[in-house]
Amino acid sequence: MVKNFKDKLYEIIFEADTRAGKAFDVVLLVVILMSVVLVLLESVPAIRKNHGDTLILLEWIITVIFTFEYIVRILVVKKPWKYIFSFYGIIDFLAVIPSYLGLIIISYQSLMVIRVLRLLRVFRILKLTRYTAAGRTLAKAIWNSREKINVFIFFVIILVIIVGTLMYLVEGEASGFNSIPVSIYWAIVTLTTVGYGDISPITPLGQFLASLVMIMGYAIIAVPTGIVTAEMMRPSTQSNTQVCSICLHDKHDDDALYCKKCGEKLHPEKKSTE
Amino acid sequence: MVKNFKDKLYEIIFEADTRAGKAFDVVLLVVILMSVVLVLLESVPAIRKNHGDTLILLEWIITVIFTFEYIVRILVVKKPWKYIFSFYGIIDFLAVIPSYLGLIIISYQSLMVIRVLRLLRVFRILKLTRYTAAGRTLAKAIWNSREKINVFIFFVIILVIIVGTLMYLVEGEASGFNSIPVSIYWAIVTLTTVGYGDISPITPLGQFLASLVMIMGYAIIAVPTGIVTAEMMRPSTQSNTQVCSICLHDKHDDDALYCKKCGEKLHPEKKSTE
Amino acid sequence: MVKNFKDKLYEIIFEADTRAGKAFDVVLLVVILMSVVLVLLESVPAIRKNHGDTLILLEWIITVIFTFEYIVRILVVKKPWKYIFSFYGIIDFLAVIPSYLGLIIISYQSLMVIRVLRLLRVFRILKLTRYTAAGRTLAKAIWNSREKINVFIFFVIILVIIVGTLMYLVEGEASGFNSIPVSIYWAIVTLTTVGYGDISPITPLGQFLASLVMIMGYAIIAVPTGIVTAEMMRPSTQSNTQVCSICLHDKHDDDALYCKKCGEKLHPEKKSTE
Amino acid sequence: MVKNFKDKLYEIIFEADTRAGKAFDVVLLVVILMSVVLVLLESVPAIRKNHGDTLILLEWIITVIFTFEYIVRILVVKKPWKYIFSFYGIIDFLAVIPSYLGLIIISYQSLMVIRVLRLLRVFRILKLTRYTAAGRTLAKAIWNSREKINVFIFFVIILVIIVGTLMYLVEGEASGFNSIPVSIYWAIVTLTTVGYGDISPITPLGQFLASLVMIMGYAIIAVPTGIVTAEMMRPSTQSNTQVCSICLHDKHDDDALYCKKCGEKLHPEKKSTE
């Protein structure tokens, strides 16, 4: 019966298809959101000054809740180590540990460090992704196009180094192009069309070069878009490898049972759940 | 015959397929545009100073016209309450109420408040959307991709909080990264490639991190584009209206000859040339 | 024989499929480019000061060449008035007239005006488009999607007015949001991700609102892209209405002579040259 | 046997499908990356001051390695001249020559020049592209859409010249629009949504014009995206290698059963699952 209770707890904490499980997830979601808001508020000087004690109290309450939750998770799961070293296990751990670290390494001088450690708890928010299943489609499309995107980013990096070097030579140190790394930073700011304006060319040749980079960036932005769009429209057609045994037509939808060309019955492959 | 007149008015005011109805809509459109321009002009200090009285007069004329129109709309419509609480009913109400509110809560000190209330009349412009039917296709495509866009925006928000926190730790308060909320604001400004430059990293590590964010933003922008584009190209395949006469399956490709569910021969419709 | 000479000239000046016609076009192209460069150089204070006389001389030479060309065009064309009031006829006229106007309305004070009139000759560059035929495909795709793009821009304008008004109310005049029109200008700068930074929010609420606008702009940019992309991929498949008389397959390429499904001969429609 | 050794070396240096060849490429990659990092570090004033001698030493080591590699490449390749004048042959040469040039043209005053020459070695990074084969798909898609992109860029240039001239006339020299070239620079900065903010309109008319340009730029960015996306989704149909045995037509759709040109039955290839 204890085992039964453990299973029940597992269902509530790890799954979301029962009523209690859903309620638990919603409550946890709210607490996580609150904890993130706390970290944000704590970093605002004025708020820290006036409501510092309240924030610290609330933070410890949340830390205790998360610690309790983390321990229960380890207790109810069948393979604790698998959970502990899973993506969410690590995040759950990172979400509670900074508060305790802040407790141990405490001294007048290291107060700043504590604040830093506390900020790491922003990782708690990553827990939120656990609740979205719809993101898988997107993730898959991006994952499928990772190679092309990598090549693209690689190309952008090369381009940006060359452009940065040229601008460093052309503009000199008068207009903020103090070193090639800084010029590369400028090139990235420009090519990605962010354009802070903290560094901007002032010589005619520099402005001409910058214009070329901008128009290039304008055309280049089409590439990742093209990659992802093409990928997003492909999955449904490519993932099916059925071939009609009669007419050899091979572009069947995933839900097709009969060949749409000759009417022959298809033999749908057993899909292995990924 | 009074009922006949009411029907006639309804046709003129609510519909646009008769000559009078069209004329009414065009006139209303012009008045709405004028009222919006009035609000804009009134906010310009120099204009308010020199032509304040004229603007107030014109505004009251428009308010009277809109009030009269609003009352007539309620009178001629068959289910008044349905109109009043419909999207446009609420907007029509919001378009007239600020002027009257400004009349009641008047005093020397609250003059500023009146101006604020007046500005709310900018909602009048929303009436303009009533006249565009072509927007439905667009709205549908966006509506269909709402889930993916939500997940995308959710992902962007998480990314932006983490990036903002990291930049707050890296840059410190010297370069304007005063708090995590402000750093998150900067991260959004950067990731969306807006790049005001009011806050920009000055440390090498900060600039390196910022560069990563920008390149990320450059690749990420492909995602919503891919979503919407894929959605926009789908309708044409969904509009196929073939229904299998045996199994009633209705999602056939345009070039399908046999039902892909039961193998029954389909009867492709003769396509009318558009 | 005079008529023959006129025809020859017409062929050379208006067409580009003979050797002489091509040579004429290339020379004209070079002269147009030079004239544009002249206008650009003339506007640079330092260059105008040192080389003003040379520039004026060169400009008059080009003006004479263009005038002569314009007159010859009128003489050789069969329907002169049709040419004169055609798109290029008007541009050819606008390309020469400012120089002569500058000659008549001359005085010490109006020297500035002359410069302004001269600058209008930048329209000469529009002649360049005459030489690109490949642009038609692009133009067609954009033209076909004009309705959706209009609705989109209309929606953006409404959004921008509302956002501008809200920001004017939230930020006030301290941070540069002096009037609603200026705030709308800011909203456009932000939504289009241009982000000059000449006006940027400084209050927390203003920065929060601005963040929303940016993320919105990030998602919204997907819409025109989706429209144009969908349009660009449609033409080739939709413009063909051939249906195989045997198997009724209706997705034939434009250059298909036989049905790709059953091998039956198709009856390609006579295409009317657009 | 010497020839055998030469072949072996060729395999190692020019190819990457043997174990030794792969190891060589990886080592070379690391050295190239190091050399690029060296150039970047050398340009940072603080680093050059403190670690100048170390950097120069390291640079000469890399130069010697690259020179040796370049000579070996020439020796082992079958057609040395073809390599020397190939894309990578030229880059390999440009990667070593600046160091030696810096050695010859040395004097107190030309120290700056030496640094400039050294910076040219950033071209070494182009060697990196040799190792990516996946980029071909992308390059092909971009190459296929080069015509449309050229027309697009041509159109953008015309637009930018006209807009720049108009803004120069509207804004005048007070707000930084000193000459038409500078105004064109501003127009490019704005249309590409970079938006530095170093130059930005201050007159109402100028801000209105700028708003139009921005919204235009927002819609225009859809064009290159549409071009590239459409191109990226095409390859799958073009990669079909069926050739009709009768009329040799080779552009069949993947699902074609009969040649669309002559009606001959095609012999669809068995697709190997990737």
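A, B, C and D label the chains in the order they appear, each numbered from 1.
As a convention for this text, a contact is a pair of C-beta atoms (placed from the backbone, for glycine too) under 8 Å apart; a residue touches a chain by one contact, two chains touch by 3 or more.
Keep in mind the model is a prediction, meaning the values are calculated, not measured.
Enquirer: Which is the least count of steps on a path of touching chains running from chain A to chain D?
Expert: 1
Enquirer: Examine where the copies chain A and chain B touch and state whether the two sides share over half of their residue numbers (same) or under half (different).
Expert: Interface between chain A and chain B is built from largely different residues.
Enquirer: In terms of contact pairs by residue number, which of C-D, A-C or B-D shares over half with A-D?
Expert: More than half of its contact pairs match A-D, so it is C-D.
Enquirer: In whole angstrom, how far does the Cα centroid of chain A sit from the Cα centroid of chain B?
Expert: 28
Enquirer: Measure off the straight-line distance from the CA centroid of chain A to the CA centroid of chain C, and report it in whole Å.
Expert: Those two chain centres are 40 Å apart.
Enquirer: Could you list the positions in chain B whose residues touch two or more of the other chains?
Expert: Correct list: 152, 181, 184, 193-197, 221, 225-227, 229, 233, 255, 257.
Enquirer: Quick check on the complex: what are the chain B residues that touch chain D?
Expert: 193-197, 225, 229
Enquirer: Help me check something: in the complex, which residues belonging to chain A touch chain B?
Expert: 36, 39-40, 43-45, 116, 119, 122-123, 125-126, 128-129, 132, 134-135, 137-138, 141-142, 149, 152-153, 156-157, 181-182, 184-185, 188-189, 191-198, 221, 224-229, 231-233, 252-253, 255-265
Enquirer: So in the complex, the part of chain A that touches chain D is made up of which residues?
Expert: Listed in rising order, the residues are 147-148, 150-152, 154-155, 158, 161-162, 165, 168-169, 178-181, 184, 190, 193-197, 200, 202, 204, 207-208, 210-211, 214-215, 217-219, 221-223, 225-227, 229-230, 233, 241, 247-251.
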